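So that you can tell them apart, the chains are marked A, B and C in the order they are listed, and the count of residues begins at 1 in each.
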Amino acid sequence: MSAASSPPLDIDIRHEELDGRLAETWRTRPGFWGALATVDHKVIGRRYIATAFVFLILGGILALAMRWQLARPEGRLVSPDLYNQIFTMHGANMMFLFAVPVMEAMAVYLVPLMLGTRNIAFPRLNAFSYWIYLAGGILLWVSFALNMGPDIGWFGYVPLSGPQFSPGKRADIWAQMITFTEIAALAVAVEIVVTVFKQRAPGMTLDRIPLFVWAMLVTSFLVMLAMPAIMVASTSLILDRLVGTHFYNPAEGGDVLLWQHLFWFFGHPEVYIIFLPATGMISSMLPAFVRRPVFGYLPLVLSMVTIGILSFGLWVHHMFTTGLPRLGESFFTASSMAIAVPAGVQIFCWIATIWDGRPVYRTPFLFILAFFFTFVLGGMTGVMVASVPLDTQVHDTYFVVAHFHYVLIGGAVFPLMAAIYFWYPKMVGRMMSERIGRWVAGLTFVGFNLAFFPMHILGLQGMPRRIYTYQTDVPWSGLNLFVSLSTVILAAGFLLFFIDAVRSARRGEPAGENPWGAPSLEWATTSPPPPYNFARIPVVTGRNPLWDERGDMPVASGLRVDRRELLITSVADAIPEARDSSPRDSIWPFWAAIATSAMLIGSIFSPWAVVWGSIPVAITLVGWFWPKGTPEDDA
Amino acid sequence: MRERVVADLSHLPLHGKGTASPTWWGTLVFMLLEGSGFALMIVVYLYLGSLAPSWPMGAPPPDLGPGLVLTAILIASLVPNWLVSRWAGREDMRKVRIGLVVMSVFGIVPLVVRCFEFPALNLSWDSNAYGSVVWTLLGLHTTHLLTDVADTLVLTVMMFTRHGANSRRFGDVEDNTLYWGFVVATWLPIYACIYGPAWL
Amino acid sequence: MRPHPRLAAAALLPLLTGCTGPQSALDPQGPNAASLAWLIWTFTAVCGLVWLLVLLTVGIALWRRRASSGAADEPLRPESATERRKQGVVIGAVVATVLIIATLTLMSFVATRSLTASSGEPLTVRLRGYQWWWEVTYTADSPDRFVTAANEIRVPVGRPVRLELSSGDVIHSFWVPSLAGKQDMIPGRDNVLTFTAERPGSYRAQCAEFCGMQHARMALVVIAMAAPEFESWLDAQRQPAAEPADEEQEAGRQVATGKACAACHTIRGTRAAGTVGPDLTHVGSRQTIAAGTLPTTRGALGAWIADPQTVKPGNKMPMVPLSADELRAVSAYMAGLK
């Protein structure tokens, strides 16, 4: 199959020259168009992460507005209409534009490096995913700025979100924003599954895959099985609103609870889509900070898989007060509580890892400790609300608000911040400040607990959620004031975090390849990694490659340098099967994203936008896939 | 870190086929996620049906003619589809070209029949929830058909250009036949839903 | 099952400050809420204990080993003997987890059963939610003896009340924490909730499902009164509206029946027979107006009628232009509708 004048292989090239040749093949072209056309997973991953954090700031500022409004009874900072937009924006933004994407984004950056490959599978789809995500975020926030922000809560219950009770375009914008973020998430899920299946370094058998990668694999399957539910739900809602179908109209044979079933069939796995990557991060970071391999690799993998499977069997626990048959509901109590078992297994394994390790008290580890404190508490309140009778008292109150912030912030954001402190040196090449990091950990931990713990009590005292104010004759004002003031501590912690992240990009200590002495493959290349990640593909002989192979790193050679070439290995045992090409940079994913966005936004206003809008989409897709005669195209 | 070369990969093929191809896996994974979308829509159909006092609701059962014709065409298309896949596997360019033209026709004809199938449902999407759900099921499958037909057409054109003679393209043709099989397979449960009550 | 909320409360005193209010799950005033409060405290105790144990173990794990200087340290190679010992402990902890959650599941199942059990002939009341007020209908043996009121439910002490919940527009949720857990009011799917009040008193309730702009101001009072008192109150409610007591009130009645008010409100015994808004036949006898927004005083009524959209922005009652005299008269009349 090889051509007459055989193309250059890495073995034919002097070692000093190799980096230059590979860089020439893999690099992102400089300039504006180069930046739009790039398909480098590291560039896109960084972009994705930064964008998600911008949405965290925006959502956080909304949270501060809510807390200001609720600090005193009969608050007058915002009108009821604006408050309803704010809490909906806060919830939808945090879930759809921050928490899920940021986890996907970390994976886009880290998974190929951890697997020892040169780019993610389907890199152009990856670029497309980012642009679609960005467009969805812009759609939501521009609408909010134009006073068209959704005001129906992050789960948009019908009939309130239906044509009769939400005239105007607010609900459509919410539903369509979901379509954008779902497309983006589904794209990343497909890429990750295929990357993990086919692009692992030789020798990385299934039982040597880093735990973060396992977490992302399970998460990707959750995305693919759960997100179609919200697509079905939001599409049928848009149809009800736009062309007069009756999915949710009880007068014409539709059903109001159908929405809740569909939403939560997605919504419950969604929270584990956020949580599982975080647990993967913990498992992957912990060894570096206790100086020993993680305890219980197999149980950790199995518990992630179990959580993934169980998560499809609990959606009704969000509907305990809707009057479904009691016996059925009790089943969901049992299944919800059962999640405590795999979650517990994870916690126990981590503690066992720490047990005879030697702790290194650096910032990421402090965040991991904050995670233990906070997440386990949130898990306990999860077990409480899983009880049907108990939930009838606390459902839709601040008790639930407390529960989910404990698990979301304690269970996902704290590990995420640990992960940023941990992998920032890899991404940027410089360390974040240890001194500031301690302050960030302290302020966010203390601020968070002071702000959110009292919400449990408020909930039990009868304070419902989603109220823009409360009267003076209910005894909630003291605790609310306390909560609001504590939020300032939390916000200060976040502010310091962002300052540190921005400052360290220029002034941080240079990091070196492996500043934490960590065992996984991403630390085997320079910080930040070159465009091609690894000059030679690493060969894996154990679960902790950099610890198992002290001294020198076994690698494989024989890949071409004149085209973007990477290694395809078998699914189970990672035995090399082929050297395949990875697509070049292309501007078409960007145009395809623009065309798709135009079509989706247009369809809020007229069903014909789908018909006419599909033409430019088709054109851009042809441009995307049409072979250009580059070395990557032939085989 | 110092490196120690332990393996030489230069003997490996420049492009993997079948399970060694990421595109093949990509197609499979797409089928999984679209399949779960279809499955959910069918669940919605059954759910609404289980709540309704009568089903089909407020309309005579759909006429069977167009649906039957369409099903027959789709099932018949599996034969040339399978042949194209085999020819592509053998990289037989002439036969693949003929096969793709035939498959394009087999893609377009069902779309024409589909135009008659919607009226045969005997009610409109905005009549009631039953109308909404059957129209959506049918609409969803139509989009599915449309995208695959568009894909087939582009691929057919490509095989007549200088880019065609390339094992990567033949792999694409194989993936396309795989996907067509999926389009036909998803139709069967949808057919059972929409027309099942009329048969019973 | 005799609950001991006080005992548990003493143990958790620091958390409890201010836990008793007019609307609190921890201040039960009926058997349903009492067994729920007991359940809440038990769960809190068990889960709190587990949480403490977990954190204690983390603490010990950190404390027992010398801290490491960091990245340069040679990683440890776990010994198989200690790893196996730890494996045993982890398995033990998992078994304990299974036992604990099995117990908790069983407890909540038993609690569910005890809630649905009720004794005695219940009083059936229909409650229908609207954006953003409640319509209350007291049923009787024949429909013409039904009584319709709003935003206030009166119940006899000691007798079970069967609430038939429905909604006229979007989803609402009925929740009186001191008496029972909540139950949603869903269009197209009617629900039932049964509870008993043990002591006379008034208990605040608030809509618990987000239902649009004024979800925050959709409150309700449940007033429990001795059975004989309740009967005479119900009889009084069955009467048509009180006749105006003076000229001003008479003028007020003219306004209420002549102006747009009559299109939306019913005042039994007059021409006003609208059904869009709350029944006003005995509005003056209720504790609050506009679903807990204002106390029912003549001044508050005046403020409300003069400009409902400022008092409760977005609510479904428009401002009806009235002269100052008309306004004064109509509020006097409303206040007199005892």
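Everything below uses one rule, namely that a contact is a pair of C-beta atoms (placed from the backbone, for glycine too) under 8 Å apart; a residue touches a chain by one contact, two chains touch by 3 or more.
In this text, all values refer to a predicted model and were calculated from it rather than measured experimentally.
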Chain contact graph, described as a line, ring, star, complete graph or other shape: line
Highest-count interface - the chain pair sharing the most C-beta contacts: A-C
Approximate Å spacing (C-alpha centroids) for the pair chain B, chain C: 52
Where chain A and chain C are represented by their mean Cα positions, the distance between them in whole Å: 37
Chain centre separation in whole Å, for chain B relative to chain A (CA means): 31
Per-residue multi-chain contacts in chain C, two or more chains: none
Chain A: positions in contact with at least two other chains: 255
Parts of chain C lying in touch with chain A, wherever the complex brings them together: 15, 18-19, 21-26, 33, 35-36, 39-40, 43-44, 47-48, 50-51, 54-55, 57-58, 61-62, 64-78, 82-83, 86-87, 89-90, 93-94, 97-98, 101, 104-105, 107-109, 111-112, 115-116, 131, 169-171, 173, 175, 177, 180-184, 186-189, 191-192, 204, 206-216, 219, 292, 313-314
List of chain A residues in touch with chain C within their complex: 79-81, 84, 151-153, 157, 159-160, 164-165, 250-251, 255-257, 287-288, 290-293, 295-296, 299, 321-323, 326, 329-330, 333-334, 337-338, 340-341, 344-345, 347-349, 351-352, 354-362, 369, 372-373, 376-377, 380-381, 383-384, 387-397, 457, 460-462, 464-471, 473-476, 478-479, 514-519, 544, 547
Residues of chain A defined as touching chain B within the complex: 1-2, 9, 11, 121-122, 186, 189-190, 193-194, 197-199, 202, 224-225, 227-229, 231-232, 236, 239-240, 243-247, 249, 252-255, 258, 261-262, 265, 513, 524, 535-537, 539, 546, 551-559, 567-568, 570-571, 576-581, 618, 622, 625-627, 629, 633-635
Residues on chain B engaged by chain A in the complex (per definition of touch): 1-16, 19-22, 25-26, 29-30, 32-34, 36-37, 40-41, 44, 47-48, 51-52, 57-58, 125-133, 135-136, 150, 154, 158, 163, 166-169
